[in-house]
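Please find the structures below.
What follows is a pair of complexes built around chain A, which joins chain B in one and chain C in the other.
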Partner chain A sequence: MKRLVTSVISVSALALNTAAFANESVMKGQDNPKEWVIQAGNYDNTRYSKLDQINQSNVGKLAPAWSFSTGVLRGHEGSPLVVGDVMYVHTPFPNIVYALDLNNDGKILWKYEPKQDPNVVPVMCCDTVNRGLAYADGKVFLHQADTTVVALDAKTGKVDWSVVNGDPKKGETNTATVLPVKDKLLVGISGGEFGVACHLTAYDIATGKKIWRAYSSGPDDQIMVDPEKTTALGKPVGKESSLKTWQGDQWKTGGGCTWGWYSYDPQLNLVYYGTGNPSTWNPKQRPGDNKWSMTIFARDPDTGMAKWVYQMTPHDQWDYDGVNEMPLVDQKIDGKDRKLLVHFDRNGFGYTLDRTNGELLVAEKYDPAVNWATRIDMDKNSPNYGRPELVKKYSTEANGEDVNTQGVCPAALGAKDEQPSAFSPKTGLFYVPTNHVCMDYEPFRVSYTPGQPYVGATLSMYPPEGQSNMGNFIAWDATKGKIVWSDPERFSVWSGALATAGDVVFYGTLEGYLKAVDAKTGKELYKYKTPSGIIGNVMTYEHKGKQYLAVLSGVGGWAGIGLAAGLTDPHAGLGAVGGYAALSNYTSLGGTLTVFALPD
Partner chain B sequence: MKRLVTSVISVSALALNTAAFANESVMKGQDNPKEWVIQAGNYDNTRYSKLDQINQSNVGKLAPAWSFSTGVLRGHEGSPLVVGDVMYVHTPFPNIVYALDLNNDGKILWKYEPKQDPNVVPVMCCDTVNRGLAYADGKVFLHQADTTVVALDAKTGKVDWSVVNGDPKKGETNTATVLPVKDKLLVGISGGEFGVACHLTAYDIATGKKIWRAYSSGPDDQIMVDPEKTTALGKPVGKESSLKTWQGDQWKTGGGCTWGWYSYDPQLNLVYYGTGNPSTWNPKQRPGDNKWSMTIFARDPDTGMAKWVYQMTPHDQWDYDGVNEMPLVDQKIDGKDRKLLVHFDRNGFGYTLDRTNGELLVAEKYDPAVNWATRIDMDKNSPNYGRPELVKKYSTEANGEDVNTQGVCPAALGAKDEQPSAFSPKTGLFYVPTNHVCMDYEPFRVSYTPGQPYVGATLSMYPPEGQSNMGNFIAWDATKGKIVWSDPERFSVWSGALATAGDVVFYGTLEGYLKAVDAKTGKELYKYKTPSGIIGNVMTYEHKGKQYLAVLSGVGGWAGIGLAAGLTDPHAGLGAVGGYAALSNYTSLGGTLTVFALPD
Partner chain C sequence: MIDVFGKPENFAGRLRLAATLLAVCAVFVAGAAGADDAPKAEAGAKADSGEKADAAVNSENGKYLTANGDPTYHIGADGKVDWYTYSGYLRYSSECLRCHGPDGMGSSYAPALVNSLKTMPYVQFLSTVASGRKDFANGQDKVMPQLGLNKNVMCFIDDIYVYLKARSDGALGRNRPTTHEPKPQAWVDAENACMGPPS
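This part shows the complex of A and B:
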């Protein structure tokens, strides 16, 4: 009898350590505005903080409180986490993780430095960035460039478990964060420029054991869709919905990578994420819609099965990856409360969907420069429902191989790339860091060799004709699909935004400024020049009763690849330098955390 | 008649561009507290600024105003310069120079990046540091690691002239700044750990043409002493004063390097600097006093001839280079106005001399831990006048080769190294960043091969027994040879100090703090944690009516070589890691300029 009781208690404790606890620690952390436990701050990816000590009236007095050099140069994407009295900071390759003591101006409590084969660097598409850590259940999770996923003991930095998610020799690498959901860790992968067949994988948070893996393209069982139950714009996707849209075996090298942000609705028990470009960038070489590249997926995290899908850019011709964040908000549309998913796609359209079923509610341009499509067909009875209405002049498919299609807006890096937006429930507005960049795009034929670039296009990028600003920081009404205000910036705003209950919105610029603007009007209230260009995301936390802001500076990423990789030819690589060459007049490589506070 | 007038004007203009102007521009710059035109701020190397906007009562409100990443990691010694609206910032190897626009938060006006053979790095003794630029006459002067001296047009960054001062293949490198004096640029050289025969060279400031070169050891004509007129402690040095103190040809590989700071008295027309260790570090291998290593030189900058010399550590047994700064102050001693030269030597003694003639006035320990000598013999009638009274237990010569002499204080890096002190005429005190470190030293026999290390000793370094602080920031009365107050620091204070008319003294710490203390009491008034450990020197300037402070952070130098070179063995290299290994708990590599100001 006694043994039985003991046994029951053990099972219960085990359950707490896995399924129940992992999710709860994130839920608890995201509900506590003093902490910042996952990259987006919260599961709904709104990057909103209830902290309001720093507000419109006092933000002008903000000043750096302390700073920390990561010891690594090149592009610093993502942000630190804060759990209790400890800040966790990550770096680009070689992906060092620091635990810093908030009670002691960032004294180093522990440091984790993986040994990674440096040969992974040339296989990374667009700088050596990493979009950061996630915390759950006493563990800090890191997905390294070489695709090793490690769970570190948050107290000691010791590796609890590690698992290999891909093979850099095949072009499989990582730049993304991971998302702990319930008893699982959701993990994506990069390699769309190397013909990788990409996927989302769920690992057991306690052990690292693989639970399920859902590919973006391929047979139904591999992409984990149910032909009858999984819907696209309200209709079942039908059998082999992906395979039918590829020529022959091309789906096996089809990209659809999963290097963006993942959001989660605990009530609906659905995880949302997007897939990237179909490989190669040369559209002539891969006829068909190339499903489910460029697609929003809603999946059940327990089973991995897709509930609904929506492909934004069928048969991509411009590298408009669909991986940008999927903030989840509840707003009224036409007077009716809706559970929304909002998505600012690389293709320049801001989409608002019903996240319960994938119904398309709004799709409007969030950069007036967008010209590759006139609109998204919103007619439910149209055969083209939900598809973009293309402009032939800017169709690289129509113009064909070895023809330079000029003046396409946005450029390949999109009207927005990975830099996440923020949303304030107080204003009901989204705050979106955008690119304002066009391109020339010339596709050419390539053949697939594992681990070799499989790009198939050259491009150059520049601001829209007659304009000098390569970026705007905008406020967007997702219920109407309208820009409310727009602050021009010299370069793309490649930093993630933060909205707070202080009615201030924060973001960084490629020149290196941290800026604070009025959430209602966009009026600049504060700026400070950090050591290097900012491509990291602004976060906030409270420590000992005081609100702090933190941001990584360290120029790089796709926009800063010219500086980061020392390219001097403005047309080299992925057209990365282009109009961004002037960045070198403003900033140099760096890798610094700056923490801000109001003076005592 | 008209032609003659024109001609006269031309000659006059030419003169202004060379001899007259070069000196005048430095004189003008150092007299203008708004600018900072040479590394020490002024010719007398007091690192004192008349600016007083930031003072004891408001320094607690100081905050970073803007920052700038240099794009280079490892040790950042020296400081920026400010001339007009432009700040000039240098980096460690590869010795990039930036001109930053003070009207625009440090926008980059131009960048000079030399192409240097990376093979110079392994030949550099103690990190890839560079102690910075000098400005004169519209030119910015840089002495690169590879010993190339360049004169850059201050407006454009274009190379006006360049000259090669040494050969890295022979171990000749550079870490020092240069000093423009009249129509000449004074340039030293490093390589004491490679058996370099070191020298000070004067180049024509307008053309780079070599004017004179004075070696530290060798025949009278090469060391530029006059046997009758050059004095040591009041007596003529006599014929071949150097050659007589070396065995055979050993002076040809005898070190005596000139990598420290140079000061200048325009009234006396004398330049002051010190020479480094005799090579090798194994004293048994080089009998004799090894003159004029470890020596203060006073030279006429026009002719190069030495007026007087003083050897502080004859026949060095501990690597106590004599290159530290030589601040020039006028103070009363025994009620009498004296023109003084003060020098905090690596050997742990603070020397006060009459700079007109080299008379030794005061010589006292400025670190109580110093134990290798009991005192300096001050008896003018003693045969040992001016020499240290050695303690046999700590004599690595007496203990001999392959014997580990333990507990010698200070360690090889001295009670102070290159980190320059400051002096306030308002308090009459020197503010000295010190090391508080002892060592074990084991000499061994080496043979000389050009370009190969010629060190001849291994060592390990640690704090004095029973103590945990490896540094102190002290106030020193040079007229009495007494410590007035002493602030303990966890690590050596490897940052140059700044004293201001605001009665505040500033310095940086290896953990990365910029600190402000009360000039009278040493009480801490402000601290801020910069991104990385500070081994740079604090400077100040005024721009648009507002006082700013600036300091480079970027841990490294000898104290930080363990971090900078990624050494993990605490006994590796030149014993560099030792007690400094704990630095990695506080800071990481960096390279950032932080500019401070009071809030508006």
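This part shows the complex of A and C:
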């Protein structure tokens, strides 16, 4: 008995220890520029590295140092991690994890390949991508396509614990990464095109036990808001703030999925993330604001309770998911130091908020083509404060079912999708990969069947009239809401950016180029064509005193589907222009990791 | 997938599959289309006769049929398409595009149906959509879901078929058809019977 008590005590002591160190291990990793321990590089989600060996004067000499085939052909999003002397590489479905020995030319230390029912494949919207692993406290965390979350021993690849977060038979799947915060692992879910009621869930990082789950829509206790204390634009949200904005039980199939990125402010102890589109895509079938879809949430990771919310696109009519990254930066606005949250929404507006309380400071278009709304109402005394001023011509709700609403910019894939931006504290600028694509959108009636697509709109996409580039890579001043420079790209830029202390910014293109540009001017300094189109994110690390750069190529995702055959040309009779070029003429499938370095 | 339709000696297998298919789809397709069921099964049995008979020879309430009773498209000299083809464009773009790409052109994820329909007969099209398929060749995990119980697909399966048939025959270009015949009352009745009355 005594032995048992002792061992229980030592087990719980170990658990406590683990809990205390989980946060610290991420903090330690993000403060060490040699490592890259979570997908965004740091809790701020700025994707900034202090490494400066590779800089403006020498980046032109950059060259591939080594490469690694993942053995999987689907779209490769996210990036590898580097912890100590080991690189961790993930793949799309079947979600293989490789641990590569950086001391031994990338020799495979261990490989983990889960057994997953392939029936999850067609339930995933838009390819079987996975946005990568996270590391904390000696464990590598993977959230599989079938929603199984596994904690792998970083040294051996053995499963430490696993837990199932959802049911693919109901259309619940996963593409996102996870975020270790303190003693918890924060986990989202996908399924907005299948009528899933989505949520954010916190699991015990040591055991995988569920601690709390906060839904995006539903009764107050399920969405974990306090009617008095949780605020929206400075005011309490009030009782049943979500239920009031749906008709009947429609919130139960309401979407609001949490498949994007999560950031964390350790001082404020708040986690930030966005929710996706309300289901269906036919707005006529779901009257109301559909709260809290399309919303930025700030939650206490310990309790799960929401501190503040801000809904960007009430009653979505265009599929402008609000899930894009929420980088946290400290900058001056009107001469005053502010703690900011910056968000480049799919709807085409770049938002700057005070992250302590959710006050809206700046909301401007980051692609001049955006036309569905003229502006965001910034008048605090207006009944429409914080809401977009819609343009009736582009409102699929106003035009109604079975009517083709034409020329809406941006297209459903957004002025920017999940591909994360980067921020350099040296220039004070954000570097944003964007889509420059418009659409026709025709909603119609659909019926809900669990586990079946629940879409209800037809759309066709094309570049803005008179233009042929489908993407831009821009620099953005979030304190003013202004584009500083803009580099046109033939295709949408679907790769996450990296900013470095070497004043060079990196990103990938759908043709497969890794590009380096001057952080101040956007001038191209280097490019190299990798084996396949890049939809992964660029990361950097240092090993044995040398700076490396790594990126996954492997075309796919929404880009591979929408752009593979080329966009539809609404003016086909006038002769197709370059912008309608088919991506399939430039690149083909194949998952490869390419690692770059300066020559010795 | 094994092409049971391509081999004349496999007649029994064909009938069995057609029967299974009808059972799978009975609730929706048969329920909606009623009188069309018999010709469909018969058409399946004839599909390997080697005839290339896509041309519309008949029309019933705005729906065009081939000589052997398969649904088909009708495109006028002015480019005006029949309602089913137009509806097929809409439903394809909603239900199929996210894997098979815009205008049936394929993607990095799933094959181009403008090519598949060049060789795939009507009944095999129905069975593939209803039952799904798996293809793990060339190191790829290609999986098509079973859509037999999805009303948004199966209530409009003939529409989607004739649209893709027109695309694959080269009779219809990319993009939304510019003009179309009016929506027939029979189509509206079938939609309501299959989807349930409008809410």
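Heads up, the rule we're going with is that the second predicted complex is superposed on the first by the 565 of 600 C-alpha atoms of A that agree within 3 Å, B and C clash if a C-alpha of one lies under 4 Å from a C-alpha of the other, contacts with A are read in each partner's own complex, and residues count from 1 in each chain.
Heads up, the rule we're going with is that a residue touches a chain if its C-beta (ideal position, glycine included) is under 8 Å from a C-beta of that chain, and two chains touch if they have at least 3 such contacts.
Computed from a predicted model, the values in this text were never measured in an experiment.
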Can A:Gly71 be said to touch chain B (first), chain C (second), both, or neither?
both
First (chain B), second (chain C), both or neither: which does A:Lys107 touch?
first
Looking at A:Leu589, would you say it contacts chain B, chain C, both, or neither? Reply first, second, both or neither.
both
In the overlay, work out which of chain B or chain C sits against more residues of chain A.
C
First (chain B), second (chain C), both or neither touched by A:Pro122
second
Could you say whether A:Val196 touches chain B, chain C, both of them, or neither, answering first, second, both or neither?
neither
Now for A:Pro531: first (chain B), second (chain C), both, or neither, which partner does it touch?
first
Based on the superposed arrangement, let me know which partner A:Val370 touches: chain B (first), chain C (second), both, or neither?
neither
Shared contact residues on chain A, chain B side and chain C side combined as an intersection?
71, 73, 584, 589
Within the complex, which stretch of chain A touches chain C?
71-75, 93-94, 118-119, 121-123, 125-128, 193, 281, 404, 440, 442, 444-447, 449, 452-461, 555-556, 560-562, 564-570, 572, 584, 589
Which residues of chain C touch chain A in their complex?
89-91, 93-95, 97-99, 101-103, 105-109, 112, 132, 134, 136, 138-145, 147, 149-152, 173-176, 195-196, 198
As the complex stands, chain B meets chain A at residues 61, 63-64, 66-71, 73, 98, 105-108, 111, 513, 528-532, 553-554, 584-594, 599
